[in-house]
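Sharing a structure below in C-alpha cells format, with a few things to ask.
Chain nomenclature is as follows: A, B, C, D, E and F, assigned in order of appearance, with residue numbering initiated at 1 for each chain independently.
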Amino acid sequence: MPLYLEIAITALLVIAGVFGLVGSFGLLKLADPMARLHAPTKATTLGVGGVLLASMLHAWAAEGQVSFHELMVTLFLFATAPVTANYLAKLHVHRVIDRKTLPLTGTVTDWATLPEKVDTAASPAHEPALQALRD
Amino acid sequence: MNHWMILPLVVPPVVAAIIMLAARHLLSLARILSVGTVVLMVALSAGLFWFAADGTVSVYRMSNWPVPFGIVLVLDRLSALMLLLTMILSLAIVLYAIGSDWDAKGKHFHALLMFQIMGIAGAFLTGDIFNLFVFFEVLLIASYGMMVHGGGERRLRAGVQYVTYNLLGSTLFLFALGTIYAVTGTLNMADLAQKVALMAPEDSALIRVAAVLLLLVFAVKASIVPLHFWLPATYAEAPAPVAALFAIMTKVGAYAILRVYVFIFGPDVAVMGGIVGQWLLPAALITLAIGMVGVLGARSLGHLAAYAAIGSMGTLLIAVALFTPAGTAAALYYMVHSTLAGAVLFLVADMIRQGRAGEDRLIPGPALAQNGLIATLFLVAAIGMAGLPPLSGFLGKLLVLDAARTVDGAAWVWGAVLVGSLVAVVGFARGGSVLFWNTTDAPSQGEPVSSLALTATFGLVGLLVMLTVFAGPATAFLDATAAQLFDRAGMVAATLPPEAILEAAP
Amino acid sequence: MEALYSSAIGILTAAGIYLVLRRRTFPVILGLTFLTYAVNLFLFASGRLVRNMPPLLDETTTPTDPLPQALVLTAIVISFGMTAVIVMLALGSWLSGKDDRIDQPADDGQPREGGQS
Amino acid sequence: MIAMALTFAIGCFALGLALNLWRLLSSPTLGDRILALDTMAINMIALVVLLGIATGLEAFFEVSLVIAMVGFVSTIAYARFYLRGNIIE
Amino acid sequence: MINRILPHPGLTLLLTLVWQLLVNKITPGNILLGFGLGIVIPLLTSAWWPDRPRLRHPVKIAAYILLVIWDVIRANFIVAWLILFYRNTSLQSRFITVPIDLRTPEAITVLAGTITMTPGTVTSDLSSCGRSLLIHCLHAPDPDAVVAEIKQRYERRLKEIFE
Amino acid sequence: MPLILIALLPFLGAFLPAVMIRGGRNAAALSAGSVTMAAFVGLMLHAPAVLRGEVITFRLDWMPVLGLNANFFLDGLGLLFAGLILGIGLLIILYARFYLDRADPMGAFYTYLLLFQGAMVGIVLSDNVLLMLVFWELTSLSSFLLIGYWKHLPEGRQGARMALVVTGMGGLALIGGMLILGQIAGSYDLTVILTQKAVIQAHPLYIPALLLILLGCFTKSAQFPFHFWLPHAMAAPTPVSAYLHSATMVKAGLFLMARLWPVMAGTDAWFMIVATTGLITMVLGALIALFKDDLKALLAFSTISHLGLVTMLLGFGTEIAAVVAIFHIINHATFKAALFMTAGIIDHEAGTRDIKRLGGLRRAMPITFVIGTLAALSMAGVPFLNGFLSKEMMLEEVTKTTWAGSPVTLSIVVTVAALLSAAYSFRFVVHVFFGPERHDYPHHPHDPGPGLWLSPAFLVVLVVAIGILPAAITGGIVASAGQAVIGAAELPYYSLKIWHGFTMALLMSVVAVVGGAALLALHGWIAPLWQRAPRPEAKVIFDAVMGACVAGARRVTTGLTNGSMTRYGAVFALTALIAGLAAWLSGTSAPPVRDMRAITPVDAIGWILLVVATLAALRLHHNRLVALVLVSIVGLVVAVTFVVYSAPDLALTQALVEVVTVLLLLLALDFLPRETPREDPMPVHLRDGAIAVTVGIAAALLTYAIQVSDFAFESISAYHLENSKTLGGGYNVVNVILVDFRAFDTYGEIIVLGIAALVIYAMTESILQSRAGRRLVDRPVKLDAAAELHPLMMVVATRVMMPIMLMVGIYIFLRGHNAPGGGFIAGLVISIAFLMQYMASGFEWAAARQRVPYHGLIGAGIIIATLTGVGSWLVERPFMTTNFGYFNLPFIEEFELATAALFDLGVLLCVFGAVMLALESFARLAHRRGERASPNAMDVDPSRDIVPDLAPNLAKET
C-alpha cells in the first residue's frame, strides 16, 4: 500500500474518531436540549463520513478495486439526519420550550407544530381574509 | 417417493391462501373450500393410514437432500394414526362450526382452520426436531387466532395468558434445541436417535439438560402439572369448536413425548439413565389428580370440560410414562379415545350454553329445548371422559391399568386412575344433574341446536362406539404401532441411508 | 469472551423473566422480547462463537457453522409474528376490558358479563 | 499505522456509545433520550464499518447500510409518538 | 410517450446510480439492470410522489452539493470547537425566524436540510403557512447575519435550481 | 340363542321404547316386554341342558391384547340369576306400565330399564371378569338414571348421586381387584380363574385382591358400612326399587361373591370379613327397618338386612351355607319384589306410604292385603312360605358356626336379627292392613286393576308354592346353582323341606317369630325412644363429606389456578430451573475442551451497552416509552453482535425486525396506558427478582457449558458448507439453507407470519365491531398532541427515500443467494419503505395509493412458494427440490437463475404482505369517527396554499 494512502486512511480514521467522540461528548456536555441537538447531527456526520471515506480508500488500497457503495450509507445519513433533527426539534418546541420564548413566524400563522392557540391576536382578524383567499 | 404424504402440508395452506385471495368476504365460498379440503384430507389421511398400517415407513426427503442433511417427513404407523385422527376431528369441527354459525362470529375462521390443520399435520409428520418447532409454532399461532375468534373480554384475557405461556414454552424449546444441536450437531430425529444412543455415558449432563428442557416444552403442550396452568382458562373461554379442536392439541404434546422420549431419548439409552420416566410418571399422576379435582370443583361448564381434559391427559401420560410397548399401546388407544370424547364434551358444552342463552355456570336454569337429546350427548361425553363403560374410555383405562401392573409404583397408578375416575364420575354427575335434572320451570331462552351441529357431534359419538366395538383390531394395530416406535434400529434404518448409519461409538 | 457472552445471555434472561412476572401486559411483552433476545443469542452460540468468518463461501475459506444462523433467522421471524399477535391480543384485552392486567379472574361462580359466545 | 488508527477510531466510537448511553439514562426529557438512541445507531454504523475495514469483510458493510437506511425510522417513530401519540394516522 | 415510460428522468438517473453503488461493480449488465429498475420503480411509486418538481441546471446542482459538503465540514469544526472549548453558559443559543421565498416543498426540504447540516443551525419548525422557518442556533451572537447568510448562500441558489 | 345375544338383546332393544312411545304407552311397554321375553325365552331354551349339569359357553374375541373378550358362560348360578333378572324384569315391565303417571316419560323409563337389564344379564353371564366389569359399571350408571328418573325431586337427584358415588367407588375397587386376580391367575376368564384356588390363595396379592373385590361387592350389595345409599335410592319410582334395589342389582354383589366363592372363600380372612360384615349388616338393617315409618324405607332396610344374611352365609365358607345362600336369594327375590310392588300399590292408591298415616286397608284393598301379607309373612319366616325354609336352613348353619371364639354368640345375635326381622314384617302387615279404617287418605284407596297386582300376585304364588313344595319347584335350580357356587360336582347333603324335626334352628325360629310379635306390641312404646336416641345419620355424614370434598376441590383448584399469570410464569420458570438443574446434576460432564477467546474493546462496549440498557429497562420500565427505547438499544447491540460473530444475515434481519417491532409496539402503545403502575410491594419484587436471577444464572451457565464443550459428532452443517455452492448454487450458505437445505422450515416460517397477520386482521375486525370498537372511534382527540400531522420535510424525504429503499430491497433480494440478504430481508426492507410512507403521509393518503390488497400478497406469496415446491414434482423430485443454472446473454456477464429464487420471491411477498397487513390493522384502530382523510400528504404545503404576506403580527413580540 502506498504510504500516502496509508497516511490518508490513518488521518481519516483519526479525524472520524475524534469527531465521532466529540459529537457524543457534546450530546452529554451541552446544557439545554436544543443545544444538544447540534452535537450529534453534525459531528457524527463527519465521524461516519470519515470512516466511510477511509473504508473506500482502504478497499481501493487493499484490493485495488474502487468501492463506492459506502456512498450509499452517506446518502442515507445525509437524507435522514435533517429529518430526524427536525422531528426532535419539533418535539422540544412542543414539549419543552415555553412557546412565549419562541420568535414569531412573521406571518399570520403560528409554527406548525404548536396546537392552535386562542391568544394569537392576529388570527381571528385574518381568518375571513384567509378563508376568502383559499376559496 | 410417496408424494401423497406431503399433501396435508401443502393443500391446506394453499386453500387458506385462496380463501385470503378470493373468498375473504364470501363466507359461503370459504365454507365450501374448507369442508371440501377437510373431506379431502380425511380421505387422504385414510389412504396414508392404510398405506402405513402394514409397517411401511415412508420417508419424504424435502428438496431431495440426503438424510440427515435436509428436512424429512416420516410416515409410520404412529404419524399416520395421528394424522387420520386430526383430519377426522377437523371434519367434525368444521361441520359443527358451520352448523352453529361459530365461523361467522369473526373473520377468517376457515383460513385459520386450514393453517391449524397444516400445523398439526406437520408436527405429526416431520422427522426433524427443529422442523417440529416450526410446526409447533404454526399450529400455535393459528390456535391463538382461533382461540380469540369472536373476541370478548374474558376470551381475550385468557388468550393473552395462553399466548404468553406458550411463548415461554417456545423460548424453552429453542433453549433445548440449541443445547441438542450443540451436543450432537444434528437435527434429524433418526440421526439424533442413533447418535444419542451412541453417546458416552460419562458426558451425559448437557444432553440430559436438553432432553429434560424439551420434555418441559412438550409438557406445556400436553398440560402436565405444573405446566398446565394455561389450559383451564383457554379451554373454558375458547369458542366451542376451537376448544374441541384443541383436544388434539394436547395430544400433539403427548405425541411428541412419545416420539422423542421413546425413539430418541429412550428409556434404554445409556446416556439418559432413564430419568425421563422417573419424572414423568409422578407428574402425570398429579396431573390426573389436579384434573379430576378440578372436575369435582368446577363451577362452570367450561371449567368442568377443561379440567376433564387435563385429567384425561394425566391418564394418557401415565401410560406414556411407563415407556413400555404395552404402556404406549394403551396410551395410544386412550389418546384416540380422549381426543374424540373431549371434543364431544366441548361441543356438547356449547350446545348447552346455546340452549341456556349463554349461561355457563353450573346453576339451575330453564330446561333446554332439546333436553333429552343433549342430556344423552352429555351423558355420553361424561362417560367417555370419566372412563366408564361401555365406551372406549373404560377399555382405555383397563389397558392403562393392565400395562402398569408390572412397573414400580403400580399401586400409585392404579389408585390414581381408579380414584380419579370416581372423582370424575362424581363431578360429572353433579354437573349433569344440575344442568338436566334441576331445571326451573321458566321457559327456555336459548336457541335449538342445528341439525348439522348435531350430526357432527353424533358423528364423533359414532366413532367412539366404533372404537369400542372394534377395540380388538384397534389394539392390535396400536400394539404394532408401539412396537414400531420402540424399534429404534428399524426406524433408523428405514430413515437414514446406509452410509449415514453409525456402527460404533465415535 | 465466552464468559462475557454467557453472562449477557444470563442477564437478558433474568430481565425477561422478571418482566414476564409483572402484572400488566406491556411489561410482560417487553419481558418476552428480552427472552427472545436471550434465546436467539443462545441458539446462535450453539454453533460456537467465531469471529470474522461468515458463512459466505466467496469471502472466507473456513466459514463458521451456518446452521444455527439459519435456525436463529427462522426463530427471529417467528418470534416477530408471535410478538405482533400478543401485542394485538393485549390491546384487544385492554380495549374490551377495564384494565391492562394480565391476570384472569378465577372460576369463582360469579356471573360473567355478556355471557359466552 | 492503519491498525493503530483503526483501534483508536474504534475506541472513540465505543467511548462515544458509552457516553450516549450515559446521556440516555441521565437525561430528563424524552427527546434527549431519542436523540441519544439515534446517535447510538449512527455510532454503531461507524463501528461496524470500522470492523469491516479491520477484517476486510464485505458483510459488515451490508449491516451498516441497513442500519443507516432504517435506523432513523424508529427514531422518527419515537418522536412522532411523543409528539402526536400515534405514529400512523 | 417518453413521458409515460420515463416520467421522472431525474429519478431514473438517480436510481441507476444507486444500483451501481449497491452492486459496487459497474458492468454493462448492471447498468442495464439498474436502468431497468430505474424505470420500473418510479412507475410503481409515482402515486406516492405527485407534483414532482423539474430540476434544471445540473451544474448548479453540482455546485450546490459541493458548497454544502464544504459547509458541512466547516460546520463540524465549528461545532466541535463550540462543544469542546465553550462553557455552556457562554453559548448564545437562540431561535431565529427565517422568512423564505421558496414554494416548492422539495426545495424547502433541501434548504431546511442544508441549514441543519451546516454551521450551528438546526431547522426546527415551519410556520403553518410554510412561509418561514424556525431555526435554532447553537451560538449566534448576531442572528440577522445568520438569516442573511441562509437566504444568500442557500435559498437563492435553490430558487434557481427548483423554481 | 347364543349367550351374547341374551345379554345384548336388552341393549339392542333399549332404543325401541324410546321410539315406540310415539305409539303410546302400551306400545312402549309391549316393546320392552317383548325384548325381555325374547331374552327370557332364549335363556330358558338353555335351561334343560344347564340343569343337566352342562355349561353353555360363547366365545368372541374383543380385545385379545388385553384379555378382555366377549366370553360368556351359562351354568346353574348364571341361569338362576339371569332367570330372576329377566323373569322379574317382565313382571316389573308390566307393573310399571300401570304404575307410572301419564306425565312421566315412559319411553325413557323403559329404555333405562332395558339398559339396566342388559347390564345385569351381562354380569351374570360373563365368563370374562373384565367383561363383567363393563356390565358392572353399567348397572351403576343405569341405576343412576333410574333413581334420578323423577328429576324434579331433589331426593331423587341426591339419591342417584349417592348411589353412583358408593357403587361407583366399589366398582372401581372391583376393577383393581379383578385385574390383580387376573394377574395372579394368568387369565381374565372366570372358567380359568375358578380352577386356580391354590395359586390364588397362596399369592401375596390375595388379600389386596380380596379386599378390593369385597369392596365392590359390599358397596353394590349395600353391606355395612356402605349400606346407606340404598334407602336413598328409594326416591326412584317403585318398580325401580322392586327391581334394582331388592331383586336384582343389589344381588350383584352377592352373585359375585358366590361366583368367586370357589377360589376366594375358605380362608380366615374371607370368613372374618365376609361373615362379620354380613352379620352386622343383617342386625343393623333389621333394627333400623323396624323403626322406619316409610314403607319403602322399611323394605329398603329389610333388604339390607337380608343381603347381610346371604353375605354372612357366603362368608361361612362352608359348602352347605353357600347352597343355603343361593336358596335364600331366590326366596328373597320373590317376596321382596312382591312387597315393594305392594308398597307401590299402596302408595299409588292411598297417596301415601307413611305407615303412621296408613291402617285398616284390608277391607279397602283385599287383593293387595292378601299379596302383601303373604309376602311379609314369608319375610318374617313363618312356615309354609319360602322365607321360612331358607331362614331355617340358615339358622341351622349358624348353630354350627363358631364366631368370635364362641359357639353360641353367633346364634344369639342371629336370633335377635331374626326376631327383629319378624317384628318389622309383622309391622308391615299390622300397621298397614289392620287396625281401624281411616278416611284421611289423600286418595280414596281401593284395589288397583290387575295390571298392577298381577305381578306381585304371581310372585306371591311362587312364595307359597316354594314354601310348600320347595324341592319340586326349586330343587333343580338350587342344586345346579349350588354346584356352580361351590365348584364341585358333588353337592353336600341338604334337603329342601318344611319339616326337619325339632332342631335348635326351629327353636330359634320360634323365638324369633314370637319375640317379633311381642316386639311389635311394644313398638308404640319403643319407637319414641328410638327416635330420640342419638345416632349417626348417614345422609348427613355423606353430604358433609361430599360437601367438604367439593369445597376442598374448589379451594385446591382456584387456589392453584388463581388466574395470576405471575404465578404461572414463576412456576414455569422454577420448573424449568429445577428440572434443568436436576438433569444436570444427575449426569456427569467431561472437562472443558475449547479455549476461550480474548475480550476485544468491541466486545466490552457491546456487553456494557447491553447490560446497562437491560438493567435500565428494568429500573425504568414503568415508563413504557423509555423502556421501549432501551429495548431498541438492546436490539441494536444484538444485531451488531451477530455481525461481529460472523452472522451478517442475522444482523440484517435483527436490525430490520427491530424497527418493525418498534413501530408495532408504538402503534399499540397509543391505546395502552403510558405508565405501568407501581403496584407490587418490595417483597414481591425481591421474590420475582430472586427467581429471575437464578434462572438467569442457569441460562448463563448453560451457555457457558456449551461454549466450553464440543460437538460429540461432526455437525451436519459440514455437508451444507461443502455442497452449498456445488449443489445449492449459492455462496451464502445461510441463504442456501433457508431456501434449499431447510426450505421447509422457511415455508413454515412464512406461514407463521401470514397467520400472524391474519390473526391480527381478524382481531382488529372483531374489536372494531364490538363495544370496544365503538368506544374507540368515539375516543376524544388528545389535547396535548402537536398540531402538525405530516411535516413537510418528512414527507419529502420519504418520497425520495421510498424508491431508493425499494431499489435496496430488490438488490438484497437478488443477491441473497450469494451474499447476505434474500427474500425475507428484502421483504422487511420493502415493508419499512411502505411503513415510512404511511407514517409520513398518513394512513389514508398512503393506503389510497396502494392497489394490491395485503391479504392477496400473503396469499400470493404462499401460493408462489408452494407452487415452486410442487414444480419439482414435474421432474419427479420431492417437494421443493431446487434447480439452478448459469446463463449468458449478450452484453451481460454470466448470471444465475435458480428456482430457489422463485421460492424466495414467495417469501418476500408473504413477508411484505404480512407485515403490512398487521401494521395496517393496528393503524386502522386509530381511526376516529368523523375523521376525514386529508386529500394532501403534507399539512403545510406552500406550493398549494396561497397565503398573502400579511403584516407580521407584532402584537405578540417578546
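Here, a residue touches a chain if its C-beta (ideal position, glycine included) is under 8 Å from a C-beta of that chain, and two chains touch if they have at least 3 such contacts.
Predicted model, so just to flag it, every value in this text is computed and none were measured.
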Common touching chains of subunit F and subunit E: A
Shared chain contacts [subunit D and subunit E, defined touch]: A, F
Most remote chain, CA-based centroid, reference being subunit E: F
Pair joined by more contacting C-beta pairs (A-E or C-D): A-E
Chain whose average C-alpha position is farthest from subunit D's own: F
For subunit A paired with subunit D, centre-to-centre distance based on mean C-alpha positions, whole Å: 14
Chain centre separation (subunit B, subunit F; CA means) in Å: 15
Distance between the centres, which are taken as Cα means, of subunit F and subunit D, whole angstrom: 58
Approximate Å spacing (C-alpha centroids) for the pair subunit A, subunit F: 67
Where subunit F touches two or more other chains, by residue: 557-558, 561, 563, 565, 569, 573, 604, 628, 644, 646, 648, 669, 699, 702, 706, 715-717, 720, 741-742, 745, 749, 752, 755-756, 759, 763, 766-767, 770, 785-788, 791, 793-794, 797, 804, 808, 819-820, 922, 939-940, 945, 947, 949
Subunit E residues counted as touching two or more neighbouring chains: 18, 22-23, 109, 112-113, 123, 126-129, 131
Contacts with 2+ other chains: residues of subunit C: 20, 25, 28, 38, 40, 42, 45-48, 52, 54, 56, 59, 67, 71, 74, 78, 81-82, 85, 89-90, 92, 96, 102, 104-105, 107-108
Pairs of chains satisfying the touch condition: A-D, A-E, A-F, B-C, B-F, C-D, C-F, D-F, E-F
Partner subunit A, residues of subunit F touching it in the complex: 783-788, 791, 793-794, 797, 800-801, 804, 808, 939-940, 945-950, 952-958
Residues of subunit F defined as touching subunit D within the complex: 601-602, 604-605, 608-609, 612-613, 616, 625-626, 628-630, 632-633, 636, 639-640, 643-644, 646, 648, 651-652, 655-656, 658-659, 662-663, 666-667, 669-670, 782, 785-786, 789, 794, 805, 808, 812, 819-821, 825, 829, 832, 835-836, 838-839, 842-843, 919, 922-923, 926
Subunit E residues touching subunit A - in the complex, by the definition given at the top: 18, 20-24, 72-73, 75-76, 79-80, 82-84, 88-89, 91, 93, 95-97, 99, 109, 112-117, 120, 122-129, 131-132, 134, 136, 138
Touching residues on subunit C, where the partner in the complex is subunit D: 52, 54, 56, 59-60
Sites on subunit D touched by subunit F in the complex: 7, 10-11, 14-15, 17-18, 21, 24-25, 30, 33-34, 37, 40-41, 44, 47-48, 51, 58-60, 62-63, 65-67, 69-71, 73-74, 76-78, 80-89
